[in-house]
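The structures considered in this document are given below.
Each of the two complexes below includes subunit A, the first together with subunit B, the second together with subunit C.
What follows is the complex of A and B.
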């Protein structure tokens, strides 16, 4: 019994940070938006880390999964709003659709791209979000480049008051839940066969294959998990907070860049890394946008280069090395 | 009527394709020698476009003369980024170089945005046009196409007829063997990277002749994707394969645009971009070594 609980101790610092963020936002006036932004970045990092951190593969098309998740929610609201029996269940169906859409897209992309190695995989994914965006615009699927606007439908389902509370409060709480769930899933994976298989393949894919590990299967598991969390993040932060969806906005590569920065800053493949990365990135972006608006990427690009060259392990990676075999070390994974 | 339109578009596609090919040679050269995928490829093309714009608008210098200028700037940028970043990452996992070149691309975009702003810009180079009967080709596109072929031939001669070129080829074949034979492998890496970037920046000059008002700090992303499709068509590691891949891609792009335009209720331009992504996936799936390679 003791052994089992010990396995999941590292979740304590992660959940503690999320709780503090939530309480600070709830109780200090004017802080909610900042805290919600930090939670969004933590959730994004936590979700992306399941794939990038655990496999060592870079997915440059990651935002596409957030995009289709957003569409899953948006389409549910648009098409189901007039069934009054469903009521607020439409939102639940929306989340299910978000998972479904991102899972299907990730299975389709993964089935092709994950058979490829490192560089070839990255090349295959770099076109995913562009390719999908241009499919929606070109074939005029889901209203094409005009996008979907569903403010009216959302008000019809929930009432004006509740819809506004949903956008300003419950959507952010949902992001918190997603971040916590993603962290829990990360740790479960780390402590199970999946995690060991992924570590083996990250270190040496050929050796892992020779040892009889079905590398493609485990890569697809990590890819699909990571993608469905991205779909959920998209559905709650984009579809619910801003009740419209336009292809160029939800397939914007900047979110992939942000996810990469967060995971690298914190330490790829660690549990606490995305939290640390999300906080550092979110806070510095927030203050940079106040003091030096428009210069965030100009400042962050050289920072990523420096991290890659000088500190490839990230903040938590270095901390983990320092604290190995100490009492604190058990909590940091 | 339709076939005339198609034939005309395909002729235009040949010129565009030659430039696409030339714009991809740098990517393939860098991958072939260093095994580094330059994910920031499009940003270097964008730098070339802005050099053209600055020289033409600022100093009234013809875009033809901008080609050597852009090549020079590209060499310098290539050497700078090689010695500050890439050199330290050659032995690191692939993840590191992918993310590093990606960040270099963002850095270039942001610096250019800082200097030139983010609106779409263009320049007006009047050199007349030539009537081929079924289609009218602007002279600027003709120059760009011919210029690409000339540059490709020069690169071929340099690789096969000079000492530095054969040293570089020997590094591709067997870097340890080359080192034993007295080739300075480090320098060969540095100059291959610089040459690859130089070609890419120079290709940005040629590409501006096809996009009259499309010069923008973020224009590179689309070209990165196209360059990957082309490079994979021609075999990722072969600059000449990339050139022929470019020709094929130019034809596919213009041909499919003409066909998509016949379909009712679609946006043909967006669909051609989707098609190029599908081509990439299919080729990667069936023949990751490239379609145009013999074996």
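What follows is the complex of A and C.
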């Protein structure tokens, strides 16, 4: 059992970064907003990495899972607020609904689209997000394009004071917890047969098949896992932080692109990668918009190009290679 | 009972008949060479046996079970393993992890966990002589090492039938001798039937095969014990052309 002791060591640096972000935000005045944003990007990367990083498939409709997760929470609050017995459990039910919604959507999308290869999959998923948004708006599902506004209901459930603390503090803490959970699940997958199967199919799908790997099954496992974490991130960061949902805001492809950049910058398929990617992306975005407002994208693009050219496997991918045979290598996977 | 039985298998690609009504039987533990010039349908035949393609006509039996339309990932656990003509390593994973994947999803799959699979991988890596490279990324190996790793990966599946697609192409003659002896010993020890496919009738096949099947333009033209097959006028014709007219 000696080998097993080191199995979960790589979570230490990940959790350490999250803890530092939390403590800095809590104790340094005016830093909470920035830290919350960084945590959001880390969580987004950590969730997306389970699919993009581990399977090598690009899903351009990823934000749709955050969107339906947001709706899961919003609908729970709107419809359950007047059952007073439930109290704050409504929030818990909301998270469960978020997982349910994103799982159902990802199963539906995955069962069809994951039978396609590489680029064809990517193209098929572009339509999912836009299609879902227009379905909600056009068919007037869940109040259509007028969206859901539930500040009142939230105040009714928790009281004005608590609802405000929830929006400004606890919602961000929940994002942190989700990011940490996503990291833990990533490592559990990596160390199990699932991880080996995903690595094999990412590298060579045909070879994986003739070696006995049911590639479609494992792709769906990664897809659904990744999607449910996206649903949770949406539920806490969008529904609880800002108590309203409008379809154009939550089905915004911009977030999918950000998630892709974060995963690739940090190192696709690595555990620490999304953390590094989230920090680099979040910090550059924040400070560039302060120091060079209006020019941030102009400066940001070459930065991304430089990083991708210098570290084609991402920052952590490069570190992992360098540290392969050293004592530190055990902490970075 | 034949381990593998093909009945009148035909595979077409549009108008091209890649494999034409081929029937054959391979017994457990047997060593068979499949030879035939470029384009004779060898790789397609392998793909039909391992499930990459389904044939248009005919049936494939493995241990008397009809596997004609079984997807490849369900055939591997039954005991059909293969290597590719051009090695296809899982490049970012280590040699050890590559080989362990074979153990995890092959015949032993349901019984072994990750740690046990890694242990099996270690034994097989030692057996093929790759222990120095165990923790290297598979993508960084030399071509010959990659071939060895593919064989190790297939062996880790504990196959009953091992299909080797040009396993020795591009190897140095002295390496080939070693490899032939190694595969032959291994097949004998483990009772694996090996079907090795080569483009040319070379000494590798002559050295190890008990039986030779010769394909030409998709059809089986000879299926006989090695010595007899090599002297067959049809085989000589395929490789050397028509004998001069009198």
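Miscellaneous remarks
The rule we apply is simple: the second predicted complex is superposed on the first by the 314 of 333 C-alpha atoms of A that agree within 3 Å, B and C clash if a C-alpha of one lies under 4 Å from a C-alpha of the other, contacts with A are read in each partner's own complex, and residues count from 1 in each chain.
Assume a residue touches a chain if its C-beta (ideal position, glycine included) is under 8 Å from a C-beta of that chain, and two chains touch if they have at least 3 such contacts.
Bear in mind the structure is a predicted one, so any value in this text is a computation, not a measurement.
Legend: residue contacts after superposition of the two complexes on their common chain; A:31 is shown touching neither subunit B nor subunit C. In the superposed model, A:304 lies in contact with subunit B only, and not with subunit C. Contacts of A:204 after superposition on the shared chain: subunit C is touched, whereas subunit B is not. In the overlay built on the shared chain, the residue A:127 is in contact with subunit B alone; subunit C does not reach it. Look at A:212: by the touch rule set out above, it reaches subunit C but stays clear of subunit B.
More residues of subunit A lie in touch with B than with the remaining chain of the pair subunit B and subunit C. When the two complexes are laid over each other on chain A, subunit A has no residue in contact with both subunit B and subunit C. Those residues of subunit A lying in contact with subunit B across their complex are 52, 56-58, 60, 112-113, 115-116, 118-120, 122-124, 126-128, 130-131, 134-135, 137-140, 144-145, 253, 257, 260, 264, 268, 295, 297-298, 300-302, 304-305, 308-309, 312.
Residues 31, 35, 37, 39, 85, 88-89, 92-96, 98-100, 102-104, 106-107, 109-111, 113-114, 221-222, 224-225, 228-229, 232, 236, 260, 265-274, 276-278, 280-281, 284-285, 288 of subunit B are the ones that touch subunit A when the two sit in their complex.
By the touch rule above, subunit A contacts subunit C in their complex via residues 3-4, 191-193, 196-197, 199-200, 202-204, 206-215, 269, 324-325. Interface residues of subunit C, counted against subunit A in their complex, comprise 50-52, 71-77, 81-82, 84, 88-93, 97, 100-102, 104-106, 109, 113-115, 135, 153, 157.
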